[in-house]
Amino acid sequence: MELLNLNIPSWSDLAYWRPEAILCGTFLAALLGDLIGRGRRPAISFVISVFGLITAGAYSVAAVLHGGAAHTIMGDLIIVDGMAAFFRLLFILAGLATVLFSWTAEEIMGRKRENKAEFFYLTVLMTAAMMVMAEARDLLMLFLSMEAVGLVSYVMAGYMRTSLRSTEASLKYVIFGAVSSGIMLYGLSLLYGMTGAMTFDGIRAGLLAGEVNGLSLLITVILILAGMSYKIAAVPFHFWCPDVYEGAPTPVAAIFSVGPKAAGFALMIRFFYTTLAAGADPSASAPLIELINWPLLMAVIAAVTMTYGNLVALRQLNVKRMLAYSSISHVGYLLMGFVLLTDAGLAAILFYLAVYTLMNLGAFFVVVALNNHIKSEELDDYAGIGFRAPWLGTMMVIFLASLTGVPPFAGFAGKFYVFTAVMDRQWFWLAILAALNSVVGLYYYFRVVKAMFLTRPAEGADTTPLKIHWLQYTVLAVLAVPTLVLGFWFGPLKVLADQAIGLLSTGM
Amino acid sequence: MGEHILSWMTFFPVIGAAVIAFIPSERKEIIKTVAAAAAAIPLVLAVQLYIGFDRGTSAFQFVEHYTWIKSFHIEYFMGVDGLSVPMMLLTALLSFICIIASWRIDKAVKGYFALFLILETGMFGVFSALDFFLFYVFWEVMLLPMYFLIGIWGGPRREYAAIKFFLYTLAGSVLMLLAMIAFYLNVSDPVTGGHTFNMLHMFNQANHSEWLQLTNVRHLIWLGLFIGFAIKVPIVPFHTWLPDAHVEAPTAVSVILAGVLLKMGTYGILRISYPMLPDAAQWFAYPMVILGAINILYGAFCAMAQTDMKKLVAYSSVSHMGYVLLGMGAMCKVGVDLQSAQAAINGAVFQMFNHGTITAMMFLGVGVIYDRAHHREINGFGGLGMQMPVYTSFFSFALFAALGLPGLSGFISEAMIFMGTFPAYRTVAMVSALGIVIGAAYVLWMLQRVFLGPKNDKYDSLPDINAREMFTLVPIGIIVLLLGVYPMPVLNLMKVSLTNLIKVVAG
Amino acid sequence: MDTMLPMGSVDVGMNGHFATVLIFVLIGFFFAAVALIVAKLLRPHDPNPTKLTTYECGEETRGSSWIRFNVRFYLVALFFIVFDVEVIFLYPWAVVFKHLLPLPELGVLVFWEMVIFLVILSLGLAYIWVKGDLDWVKKLVDRAEDEPPRRNPLLKSVTNEEGSQ
C-alpha cells in the first residue's frame, strides 16, 4: 500500500522538537490555568508561561551544546539544524523577556485590563510559531507558520480592546497581513507551478533542472518577497508598522519589533538561500541569482528601506513611533546581508538580529517602564526624566547608543559585521549609504537622550524619583549587560552565527 | 605596573569611574577625591613612561600584544613611539588638571566625574592603540561622554552644541570605519595570510592587495580617512561644531576638547593615513598646506571678530591647528632636504603639544573669570588688571604664549614649522605668516579690552584667583616657559620616530 | 513528487500549462461580457423615479444601510465553522484509521494525534464558554478608554521647531 511510502511523522520526531512541543503544551496549560482561575488569576498563567519558556530554553541550549547534524522531521516539513537552534534561543529570549517584563507593565496588568493572562500564553504561542517559521523547509509549512505568527499577532495588537487605537492597530495589521499573505500565496503557487515541488530543495532542483524563464522567476520572487517584506516591515510593505507599534500595548510592540521580524528573516534566509543559492555546487546557483539580478534587487530594497525609515524617524515626536521607524531602518541594514546570499552576509544577519533583539527589546522596555509612571510616550513628556530615574535613563542610553551603532556597544559590532560582509563583495555605495544613515540615526535616537537628560523639565513638574519594580531591574540588566559586553567581545556570538549558517549550507 | 604601563594608564580611569558608580551621589567630596586619584595615577605612570622611553629608536615601545577577537583577526595591540608619547603626557597632565579645575561642579557630580574618567580612558587608548579596530573603538568611546559633558553641564545652548558635536564627529568616524574595513579586507597578515587589523602590517605596502594598490582607490580611501580626521582637527570647512562646542562646554571640558581631542585628528593623520598611504599623502601635500593656511587665516580673522572670550579662544584653536597642518603638509614634499622636513614635522608635533598646554591655560583663565562674573563678553569687562592683578598676570602670560612670544613654547614650534615650510611652499608659508600678525592683533585687542582701560565699577568686588585655580595654571605655565627656553625634553622624544616617518612618506 | 503531470497527458511545458489557464480565463471573461452586452442590447431602457428607488422586499427603505451588525452573529458563525472543520477532519481520519490501526506504531500515533487535536479544540470550547462568549445577552461594560487624542505630528513639529530655535 502506498501509505507506507508516505513520509508520515513518528514519535521519534518529537525528540528533535522538544522546545516547540513544550511551548505548545505550555500554551495549553496556561490557557487551562486561566480558565480554572476564571480569568481572575493571571499569576497562574504567568508562572506556567515563564516555567515553560525556561524549560524550552534549557532544551534549546542542550540541543545547541549537543550539536549534531540537521534533522528533517514531520514528514519533510520541518528541519532542525544549526540555524533553527540559533533562532530558537533568540525567540525564547525575546519571549521570556517580554513575559517577565509585561508582568510589571501597566498596559498589560493595569487595573482596568481584562484577560490579563491571555497576554502571557499568547506570547508563548507566538514564540512557538516563530520557531516553526525558522524551521520550515516546505512551502506549506512556510505559509502555515507565517499565518500562525500573524494570527497571534493580530490578537495581541488588539489586546487593549477598549482602546480605539489598539483596535485600529489590530485591524490595520489584519488587513495588511491578509493582503500580503494573498500576494505571497500567489507567488508560492507560481513557484509550485514552475517546479512542481513543495520542499525548498525540490524547488531548487526544479529550478536548476528546467528551463526557467527569467521574467517569471523574477515575478515569482517579487511576489514572495512581498509577503516576507510585510513580515519584516521592509519598504514598501512597512505602512502597518508605525501604527501598529503605536497602537498596540508597548510590550506587544516590543516583541513585534524583534520576534516576527527575526522569524521573517529566518524564513527568508532559509527559503532564498536554499532555493537560489545553496547546494553542493555553488557555481550552479550563480545563474539563478543573476537571472533575476537578485543582488541589485536586494541592494535597492535595503537602501530604500534604511533611508526611508531613518528620514521619517527624524520627524517623530512619539517615542514608540520613532522606534517603529527606527526598526524599519534596521531592517534595511539587515537586508544588506542578503545582497549576495553569501555565508558571511547571512551570518552577519544572524549576528545583527541577535544584537538587535537585545537592544531593541531593551529600548522598548524602558518605554514600558516609563509609561507606567508618566502614562505617555511623547518625547516632550520625557523631559528631565533621566534624573528622576537615573537607572532607567542609563539603560536607555545604552540601548539607544547601541541602536545608533556607537562603540563599545553591541550594535556597533553588528553594523561592523554587516558592513564588512557587504564591502567584501565591493558593494561600496551600499556601505557608504548605510554608514551615512547611521549618522542620521544618531540624531533621532539622541533626541530621546536629550529629552531625558539635557532638557530641563517644565516649571512645577513632578521631580520625585520613580519607583522601579525589581523585575524591571533584572530584565533590563539581563539585556543591557550583553549589549555592552558584545560590543567589545563579540567573538563567541560571531562563531555561533557562522556555525549556524555553515550548518545551513552543509546540512542540506 | 611596569609591564603593562599603557594598559594601566588607559584603564585606570575607567576603573575609577566604576568605583565612582558605587559611591552614593551625596558624598560629593569622596567622589571628587576618587576621581582625582584615578587621574593622578596615570599622570605618575606618564612620568614613568617619559623616563623609560628609549629616545634612540623609532620602534614601538611598551608593546602589549594579545589576541582579542580571533574570528575577526582583532588584536589588543598597544604601543607608543615618539609621536604618541608627547600626546600621552599631554593627556595625563591635562586630565588631572581638569579634574582639579572641575572641583566646583555641583550638579550631578557623580555622573560628571565618571564620564570624565571614561573620556580619559578613550584618549589614552587612541594614543596608544596599534590595532586599527582598537583605535576606532577608543576613538568612538569618547563621543558619548563628551556629548553628555557638554549637554548636561554646558551653557544655555548646550543641547544644540552637544548634538552638533556628536553628529559631526560621528559622520567623520563612519567614513573612517569604511576606510578601516577596506584596509581590513585588503591587507593580509604576512604570517597567517588572513585579514588583519594590525597597523604595523598595514604600514607595510607589501601586504596590500592589488586592489588597494590602485591609485584611485588609495586616493579615495585617503580622502575618507582625511575627512574623518579633519572634522576632529577641525579643518575648515568642517570646523563649525567647534565654536559651539567650546562656548557651551564647561571649562574643564573645553580644556580637554581643545587640549587633547583636537590633537587626535592630526595624530590620526600622522599615525594612520601617512604611513598606510604615503603616496596619497604626497599627492595631498599641497592641498594640505593650503588648508593649513586657510585654517590659520580664517581662524585668526574669525577670532578677531568675536566678542565672547571663549569663542575667541576657540577660533584661535582653529588658527593654531592650521600651523600643525602646514608643517604636516610641508613634510610630505619630495625633494626637500631632510632638515627642512624634520623642522616642519617636529614643529608640527611640537605645536600639537604646545597648543594643548597654551589653550588649556587660556580656557582655564576664561573659566576663572566666568565663574566670578558669569559672563564672557569681552566688551563687558575693562580694567580688570587692577582688580585682579594675579589673575591678570597669569592670563596675559597665556595670551602671550598664544601669540607666539619668543621665550615661550609656542614661538619655538611655530618658528620650526615656518622654517620647514619655506623651502617647500614659499608662497603659502609667506601668506600664512600673516596669521601671526593677526594672532597678535586679536590677542592684544582682547587683553586691552578686558584687563586695561577704565575699570568697570560693576566688578569692584571680584575676588582674585584662588589657590586651587592657581594650582591648575601654575604647572602648565611652568611647562610653557621651560619648553620655550629649552624645548629638547619634548623634541628629543619624537625626533627619531618622526625622521622615520619622513623616510616612509617622502623618502 | 516532482513530476506532477496527470496520467496520459502530454508534457507541454510550464508555459503550456499556463496557456491553458489563460485560455480558461479569457473564455470566462468572454462569457460574462457577452451576457452583459446581449442584455444591454435586448432590454428596454425606460427609467422613471419609482423604478430607480432602492428595492427592499416591497418595504420602504429607511435609514442608512451602513448600520452596525451585532458582532455576535459573526462570533457564532465562527464557532460553527471551527467545529464544522473539526468534523471535516474527523471523517477522512475515520475512514483511513481502520487501515492504519493494525500497523505497529502508526496506528497508535494516528489515534493519539486525533486525541490531541480534539483536546485542543475542546479547550477552545471551554475557553469561549468560560469567557462568556456563548451567552447571547451580555452586559455592555465596554467603554472607550480615556486616552488622550492623537497629536497631529505636523502641527506639533512646527511649534516644536519654533521652540527649539
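Every chain is named by a letter (A, B and C) in the order it is written, and numbering of its residues begins at 1.
Convention: a contact is a pair of C-beta atoms (placed from the backbone, for glycine too) under 8 Å apart; a residue touches a chain by one contact, two chains touch by 3 or more.
Because the structure is a prediction, the values reported are computed rather than measured.
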Graph class of chain-chain contacts, one of line, ring, star, complete, other: line
Chain nearest the overall C-alpha centroid of the shown protein atoms: A
Per Cα centroids, the chain farthest from chain C: B
Intercentroid distance (Cα basis), chain C paired with chain B, Å: 69
Whole-Å gap separating chain A and chain C, where each centre is the average of the chain's CA atoms: 28
Computed distance of Cα centres, chain B from chain A, in Å: 43
Residues of chain B touching at least two other chains: 159
Of all residues in chain A, those that touch chain C in their complex: 1, 3-4, 8-11, 28, 31-32, 35, 38-39, 112, 115, 160-165, 193-198, 202, 205-206, 210, 213, 216, 315-318, 376, 378, 380
Sites on chain B touched by chain A in the complex: 68-72, 108, 111, 136-137, 140-141, 143-144, 147-148, 151-152, 158-159, 162-163, 166-167, 170-171, 174-175, 177-178, 181-182, 184-185
Residue ranges of chain C touching chain A (in the complex, touch as defined): 1-4, 14-15, 17-18, 96, 99-100, 103, 105-106, 109, 119-120, 123, 126-127, 130-131, 142-145, 147-148, 150-151, 153, 156-157, 160
Complex contacts: residues of chain A adjacent to chain B: 387, 390, 397, 401, 404, 406-408, 412, 416, 419-420, 423-424, 428, 431-432, 435-436, 438-439, 442-443, 446, 449-450, 453-455, 488-491, 494-495, 498
